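Note that chain A is present in both complexes that follow, paired respectively with chain B and with chain C.
Presenting the complex of A and B:
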């Protein structure tokens, strides 16, 4: 059978109007159904015919999946809320600016108008071998094409490589990990809530899935607790182009200071492993320390312990080190 | 008083349609019974198709026809494919049974809709025999390496035949695809990052390079790895075709309306007079479709076979494969400098990544451009075009010129730093002036020379505009994690041809109708040039109409829109036809009113003399009454045959005027741009921002300032993308592209553009053309690229990078290590 790409195939499209209807459809078509959010990841897979399903459940008509509600000093953001809505929401801007900053540098304005927060955290990796339809580990095969002697792996993992070396491409994910967000997952069987850092899976746990979502489940909302509201935030994304580009590395931190001492901190880095990495060792080592260049530099060095470069991505190690350093140091310019 | 039109801004008549979406591009057309085509692409970099079973596809309801290479006419050598590329018998066919690259089309299916056509392709069983392949040109020169084609791996002239009995040397044979392998010894220094200097396929020398290097105070030798860059036009190669009354009607975007017709005829296997090309709007070209493109034949032949109109919409991924790209040049360049910065000798070796088909001219053009831009008295150029199993290359805006500039400019800037010479001054001391010679000598020992060059004036203007001295003072200084750098670069490119025709009608309704055979590729030349004739005729612009974009509307023989030749060539033609129109209006007036033609004055939309005044409407009416030479029933001598046909077809519509550009020209027309850039690099991330870019154009008389600004900035951005982000990526083991979508090949976005952009044009007329105007399309590209490269080197050091594009990873790793560490010679990473 010859291959053709970039041409939408036939499928049966359902547009449920409620979460319950959507869950019923997922249940009825288990194993052969695709959940469509904003479509910014889905359309690639569908049009390239690399993932084939006979049924697509489009969530765009489910009103209860949209919108941002303030609750207990925190926020509950519907999974189908667009990134543009997240960026411009006054409460996000006022209390959790780091999420607005992260969402605002996703892709391009047109994509942010269509892309959803749920989709941004649940999207598949952008490894160009995997997305070209190669039968790699992640696609159920038994090789990683991005980790061969000739592989071009400039954008791949430096940490937690385990057969697969693909990375998490999400910009909002590290921000949500830093904010200690919770992800609300519903199925016909009920609801479960997982911590942001537990939503994402590395290849050592599940090499064919990026998240804990299972067939029949929907990510319905993301809750941001009040804990880190108005904390000292740091967000930075380094990318090749200033629009429509995935991160080479991104970093998010939320910090509480007592005077100049770091009393509490959460920090996460994206695009260095298959999941956004919460840097607990860095958090532990910096807590109680003064917020200084020395503390920041030590944090940077600590962050990259165990990092292993592939042929073309050694730059990610100093890049991660420097971004972690900045995320601890804050917005002050380097003096060296 | 009629307006002064030359040098004035105005609104072109196609703008409203373009910005409101009313403009119809090829894929916007619909006709009754139209089918849709889809392509089956090769999944392998090089293979032989052993068997195709289309039975299941053809059995599908809705599938109407399949074409393969067997349905195409035989290849014809000699066709011009634009900017020095000539078709050979090894040329691309459009469809193939021996795919030469991953993504090459093998067959096309026509069906009632695209979905059916796609499903049909998935039902086709196709069996391949994989063949050896090469996707890295330098690797393909290693002993024992694979060749891209069964015939060999390089374009090279076979050994000359022995001299004939009377001692006359045989003419040099045409280049052919042969095998060339360098020795293991040649590769000894490759691991250290030096391009091997093995046997070249071609070379030329001027002066004495050994003597030149001997007198040098500083000699620098650098290896430079280039990038392949797709054209990324917004409108892909979509086309729609149908047949009526024995003629092919083809809707497609092309750079050149008239000049595309002979190629379509050749590709489809019919006569030029059997082709009607409709191309009112074209979504960009940049050299990728100067005279059309071979894929135009696919809907044409599918339509013939299916006996129905066929629309072929090309996807973004297909466009990556068939849409052309600039070839990467990998080079080693040794340059000698005197103490004052003067270049004493250049020794250049270029390996051109040719792709699988006809020989591209970029390598040679790179040498010519260096010779022109820096005027070395002593220069050797050596080169080899290596075939690779990667998508076909074509001309891209300053083909070879941009790459040549990127080889030489960083060396020049480094020399300026090492010698303590100001960078503007080192460019001035080496700049071409006036009738500057360049390139190799011909068989009679003569070298080409320019019609004019005002590069020093441009550098002085740029120094002021950019405030160079102030920016230079802060260049290389670090503040926090940021360090700024400023650079300057010169670029040059061809900018004009001669010998084409102008054609206009003074209609009995008083309008002057200009027939434009130029393509509407996004420059405004299609309209601009006719304002020259309008100004000469003294006719107000609102009394003028321009007809374009449809060869059934009888257009004049017109240059191809490539090589930045249009503004020069067609203002000359417009000058000729405008001048001739004035004479003919005088003659008609004299015939109507009596007296001598010369006593009549043509101005302000009328003609006045001793017998009274006539409006242009009356002139048009009188010309029809006079007939013969006046209304097109007799075509003037001297114009090209194509124009004569158009004149006959327009006969009787008014005063029909045609004239050929017979003006003399001494020299080759070249335009120049100088670029100045300031960048700010974050040394903790390697990421940089272009704070400012200033360009000064030496392009002769300015015709349309707003358009010139757009062209100068657009061309600069194309070059900037080469420096900053745009590239191909290949896995060498599998021979397949990884960056095959718009996003992954990273053309710069508007947010990557310089934060501040300034420009100026010298507006000094070229003395060898009556209007004084030269072309602008290509000259800005090299300056845009190289000003950024030079500014980056000023910020982070001359040893930080040895390849393009210079991305954050290259800078950061180099800063960490203290020298360039990126893989030295590997292509497409």
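Presenting the complex of A and C:
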């Protein structure tokens, strides 16, 4: 039978006006509720009937989830702040430009006007086998359709594959990891704060969830500490088309220099594994080294250690190596 | 803003192309869905219809204030096209991946296929039907005609809305600025250079009108 893929099925819509009200609703409907942010991930699932939900908690009316506040030299960004607002915010532009650059290359102008920062980091993977409703590991089944001899897996993982080979599709996530951001998670029971790199889960930890959010919890804000304000930043995203497309690989780095020596550095890569990867080995190996072509090349080689290609994504290995190299070398010496 | 709020944008009594195709091609009458919209507080839900969660919203559509009861799961495109008969807004992919359904919402472009109708509560929506004033094309539309911007025309309304939002924020954009602002609108005929040419020309013509003190 044909499946309707345009109109969404009927659901019960709740529009709480505050975080507390939203948390009460999540608590009352635990396990059977869909949290709706900007909708750019949600509506596809609902239209395709791949996820069936009866109750939707829409965060659009929760004013306290929107906006960017400056605090202690850093920022606190509400989870429902749109990507367009992030891109144009003067403090983001002035101090944490890498986040503006990452948010600005997400999808298209219309999507950035509506998509939220919280949604961009919390969205589900874009593996089309999974999104088409195939009963794969991530959907609770017992096979990965993207990792069979005939699978089409050009966009899939090269690192930390564990049954599932889907990748993290977020552009802002690696930038937030590089900025040492913290994610504020609230539930009726209280608040917990996790480091950006710990917000994301790989299949070895939880094969059916991309983030640490549990039922009844909401990501309410993202805090960016002053630590990396006005550091040397590098951001790059490689994709097939300059609009809409998710990253094939993206990279974000924040660096502090003393003269030409790298005194401290953060670097994260996206779309190579199920979670954005902070490259701690690269950070350790480059700290204290001069920022040179040689240091950058060694960093690139180190980054791809252990990378394993699938049938169609071997190109991602040299791509990741080169992006890491550029992210360490920086814009000044970049030639292409 | 001269539209009479009480007057439907299209004459309800007219047989539209859509209804004609619906009745001529199949037993289903497509227009049967239209009475489902209750304007000005009427509850027109036919007896026996399963209960669907509905919400009353107030919004401005092309300058006219409307009060509507909408299903909670409707997209803005669904409301505009199927229930207000504003079929100038096109649906291409239904996934926010083509731009045909672009409308302007409080000055910002959104994909109406991927935006809930209830979210438009209290907002002002402009569709392609809202561009022409008193029967005269908007200068931007006129520029599209002069520069042959539409080929098959299916993406045109979306392109116009992205261009209109750009010109409102940046009245005389460069080609590069036009390409950036219209990046979220695909044209399968690939007539991008003519579209950009038309938008730049509309901006330049607007600048001339402004400096000479005439026009809008």
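What we mean here is this: the second predicted complex is superposed on the first by the 326 of 336 C-alpha atoms of A that agree within 3 Å, B and C clash if a C-alpha of one lies under 4 Å from a C-alpha of the other, contacts with A are read in each partner's own complex, and residues count from 1 in each chain.
The rule is short, and it goes like this: a contact is a pair of C-beta atoms (placed from the backbone, for glycine too) under 8 Å apart; a residue touches a chain by one contact, two chains touch by 3 or more.
This structure is a prediction, so every number in the text was calculated from the model and none was measured.
K.L.:
Which chain makes contact with more of the residues of chain A, chain B or else chain C?
P.N.:
Result: the larger residue contact count on chain A belongs to B.
K.L.:
Just chain B (first), just chain C (second), both, or neither: which does A:242 touch?
P.N.:
A:242 contacts both chain B and chain C.
K.L.:
Where does A:40 make contact in the superposed view: on chain B (first), on chain C (second), on both, or on neither?
P.N.:
second
K.L.:
Based on the superposed arrangement, let me know which partner A:154 touches: chain B (first), chain C (second), both, or neither?
P.N.:
After superposing on A, A:154 lies in contact with chain B but is clear of chain C.
K.L.:
Once the structures are superposed on A, label A:6 by its partner contacts, choosing first (chain B), second (chain C), both or neither.
P.N.:
both
K.L.:
With the touch criterion stated at the top, can you tell me which chain A residues are shared between the chain B interface and the chain C interface?
P.N.:
5-10, 108, 242-244
K.L.:
Write out the stretch or stretches of chain A touching chain B in their complex.
P.N.:
The contact residues of chain A facing chain B are 1-10, 49, 108, 128-129, 132, 145, 148-152, 154, 238, 240-245, 248, 312-316, 318-319, 322-323, 325-326, 333-335.
K.L.:
Chain A touches which residues of chain C in the complex?
P.N.:
Going through chain C, the ones touching chain A are 52-53, 55, 71-75, 78, 91, 94-97, 99, 102, 108-111, 114-116, 118-119, 162, 180-181, 183-184.
K.L.:
Help me check something: in the complex, which residues belonging to chain A touch chain C?
P.N.:
Checking each residue of chain A against chain C gives 5-13, 15, 39-40, 43-44, 46-47, 56, 58, 60, 84, 107-111, 113-114, 242-244.
K.L.:
Can you list the residues on chain B that touch chain A in the complex?
P.N.:
Those residues of chain B that touch chain A are 38, 40-41, 43, 114-115, 118-119, 121-126, 315-318, 479-482, 684-687, 725, 729-734, 736, 738-740, 743-744, 746, 748-752, 807-810, 812-813, 816, 823, 829.
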